[in-house]
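Down below are the structures I want you to see.
In the two complexes that follow, chain A is the common piece, with chain B as its partner first and chain C second.
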Partner chain A sequence: MTTPRPPKGHFNVLYFASAGSFTSKNVEALPAPLPLSKLFETLEERYKGIKESVLDNSLVTVNLTYVNMPEGEDDEANGDEPVIIQEGDEVAIIPPVSSG
Partner chain B sequence: MSETAEASFLTAEGCYVALTSSNLSYEDIIDRVRSPEAGAIVLFSGTTRNSFNSKPVKELQYTAYPALALRTMLTIAGTIRTKHSLKGIAMIHRLGTVPIGEESIIIAVSSPHRQAAWRAGEEALEECKAKVEVWKREEFEGEEGVWRANRDGAVGVKEEAKEPEKGEQK
Partner chain C sequence: MTNRDHPTPQEGPNGANGHSEGRDRRLTEEEFERYSRQMIVPGVGREGQLRLIYSRVLIIGAGGLGCPAAQYVAGAGVGTIGIIDGDVVEISNLHRQVGHATSRLGMKKVGSLIAHLRDINPLPTYVPYTVPITPSNAADIISNYDLVMDCTDNPATRYLISDICVLLCKPLVSAASVQKSGQLIVLNCPPTPQGRIDGKYAPCYRCCFKKPPPPSSMVSCGEAGIVGPVVGLMGVAQAGEAIKILISSLHLPPSTPPSSTPPPDTENQNLIQPTLLIYTYDLSSGIGPYSFRALKMSPRKKTCFACGEDSPSRLTLEGIKSGTPNYEQFCSLPTPKHNLPAEERITASAYNEKRQKGEIGAHVLIDTREKEHFSFGSIDGAVNVPFGRLLMKAAEIKRGGGDGKGVLPEGVDGKSESEDVPIFVVCRRGLDSQEAVEKLKELGVDKGGKRRIMDIVGGMKAWKEEVDPSFPFV
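For the complex of A and B:
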């Protein structure tokens, strides 16, 4: 797959399946760094309603690895290191799959 | 993001996984797992069905996150090969437009004895359907298409998949 490199100071978000239909995009560059915990609200600001109809049922990968979406403030209290999306990262929204 | 006229693949010992926008060939995939030490080759072929809940489907569109889908397929192949002591396992998924009645996925496994091959073939398919980052859109006559989820309405699963849906191929 050839995805354009994000511009300096940005990361790419890939939108698959229903995420692509909702945003009418396959990929978009957003400003980095961004805490992972802010990803969904950043997308919701741009695409009203995407959280409920797409994101809440989707998984997220950063550089081809699945990440746990922080559930709120307790994660830091639990000692989890907050994940920060960095410049040049490739983030993907993975709706429920339907291969076969 | 799905490429046209492009094939990509990954291999590991006894494992071959691929994505392609071309028609799938039984011969090619069987030859990938053929082995003088195998007494059985089991092949599963998923073909695109013409209806969903009795609604006529015109065609299917498959899209993928190729880099991740291939990686997931290779992990599944390697795990199942080890678990069932297979000689070979090959899985190929077609992307782009797949007309009704054509193959969208083929899985072939070879093993010294048939029991392991039957079991491994089924398990490989169920694992693929639960995890591989490929999406199917059903196109209907005269209305908008629908992105299908293998576990409809449910959140996708991560590493430790729950029991995949049974008895549902498409």
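For the complex of A and C:
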């Protein structure tokens, strides 16, 4: 993998499939730390409309591991601890792909 | 080959329907030779090979994923292979759908692929289904198989297949691919009865993707394009996973033993870390020349509609058959509707006519298709501003608080003499162009209504239909 290392005080977000087309990027660095619950908000500020058309149906991983997006019911039901994205982390936005 | 709608695989001469008799037999001489190279691999052996021979695999979709998947499943000697697809072979399939051939254009894909597979390996029983899978036939078909491979091309079918697999306790090897990326995940394996949440169990498709993407953001291979090896790789990987599951008998549901013996999965030795494999192939190498990522997924979700807590009260085989849930509707929910007022729209033929007669005069014509589409041809004088780039520029301007200057390329906008000439926007099929018109107005490019911005109805597709039949529309 040749993803650039995020600069100090940042984490990387990888945009797959339609997330990549929406942002016209594969990867970018955002300031860390950031609570996971603020991730979509932060991206929506940069890419208006991305939440509804991409993020809401994507799965999200932090450091290659699936995370539940804090949405209310789900995380409470699963008893998840709030996740904070840290400096140097790699977050991936993975929209479902359907074609084949 | 048969053309009945629902052939059953039990007719197979190799007795692949039963669960016990004759399973521990000698391999025939042909089997021995044919499968020798894979049987000597540690972990396969005669026992693994017999498991494959007595397994039944259903491949749903005989396209870019289904073809490569089927080749290896057939080659490996899976005893019964069902293939479902309602389509016929088209020439635009052949760059990636390696189970078809130029000589079989126009033939049903199922028949074409089976002809190819028989050539590879005549021993398996091939079961053709030449109708698409639907809520009314899915359970009847799937119940005849041990493992399902989702090689389909639309979200509604993906949810349907996953739901049925949950209800029938079938492992599902699911892959998808579009343009330059692919995904692969093994779901519901080992299979666990619906609604069980007393331990860690394998997830279903809905555990991973709760909601379908809005239809407006869904692109098909026909629209977004697809690189052959990308989808091929995913299909081959699917076959690999299926073979592995069958050889290790992970597809057998934990049920059957009397209740005194705990099902194996509660002991947890069977729960395999669910993993989503992502493959990204980047022609511009922004992220690297190639990249695989294996992502750790969560186990079954307590809140999952299909397999979580109380799911049997929401999702049943009878319900699905009678239309609940409604998959089509679930996958075509709110899409931002674009209905520009009539005075902001012009048909392709009217635009052409007025332009020919000189009634339009000086104007700017923006074509918002991707540059690859644009490169095959465009209306004279059109300027290419890909839709994605336009949206991004628009968002940038909004953030920076600037005005609409710079949203269109230099020379198109900002020159004093062209400042107020009308703008026409055309896209591929007439949706993006409407949104582009709205965006440009939002940014004030219309100067509060002084400058006209018009949408060309139906995009270049309409242009081809109404004006120029020879236009190379992709």
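The working rule: the second predicted complex is superposed on the first by the 87 of 100 C-alpha atoms of A that agree within 3 Å, B and C clash if a C-alpha of one lies under 4 Å from a C-alpha of the other, contacts with A are read in each partner's own complex, and residues count from 1 in each chain.
The rule is short, and it goes like this: a residue touches a chain if its C-beta (ideal position, glycine included) is under 8 Å from a C-beta of that chain, and two chains touch if they have at least 3 such contacts.
Predicted, not measured: the structure shown is a model, and the values here were computed from it.
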- Using the overlay on chain A, decide if chain B and chain C clash or can fit next to each other. clash
- Mind working out whether A:Asn57 is in touch with chain B, chain C, both or neither, as first, second, both or neither? both
- Task: Considering only the touch criterion stated at the top, classify A:Glu45 as touching first (chain B), second (chain C), both, or neither.
- Result: second
- Is chain A touched at more residues by chain B or by chain C? C
- Between chain B (first) and chain C (second), which, if any, makes contact with A:Gln86: first, second, both or neither? neither
- Query: When the two structures are overlaid on chain A, which partner does A:Gly100 contact: first (chain B), second (chain C), both, or neither?
  - Reply: both
- Query: Thinking of the overlay built on chain A, is A:Tyr66 touched by chain B (first), by chain C (second), by both, or by neither?
  - Reply: both
- Message: For A:Phe22 in the superposed arrangement: first (chain B), second (chain C), both or neither?
- Response: second
- Task: Jot down the residues of chain A that show up as touching in both complexes, chain B in one and chain C in the other.
- Result: 1, 3, 14, 16-18, 20-21, 26-27, 56-57, 59, 61, 64, 66, 92, 94-100
- Okay, in this complex, where on chain A does chain C touch? 1-3, 14, 16-18, 20-27, 45-49, 52-54, 56-57, 59, 61, 64-66, 68, 73-74, 77-78, 92, 94-100
- Item | In the complex, chain B residues that touch chain A | 1, 3, 46, 62-63, 65-69, 71, 93, 104-105, 125, 128-137, 147-156, 158-159, 169-170
- Flag every residue of chain A that touches chain B in the complex, lowest number first. 1, 3, 14, 16-18, 20-21, 26-27, 56-59, 61, 64, 66, 92, 94-100
- Seen from chain C, its contact residues with chain A in the complex are 61, 63-66, 151-155, 158, 175-179, 181-183, 208-214, 216-221, 224, 226, 231, 234-235, 276, 278, 280, 282, 286-289, 291, 293-298, 301-303, 388-389, 391-392, 394-395, 398-399
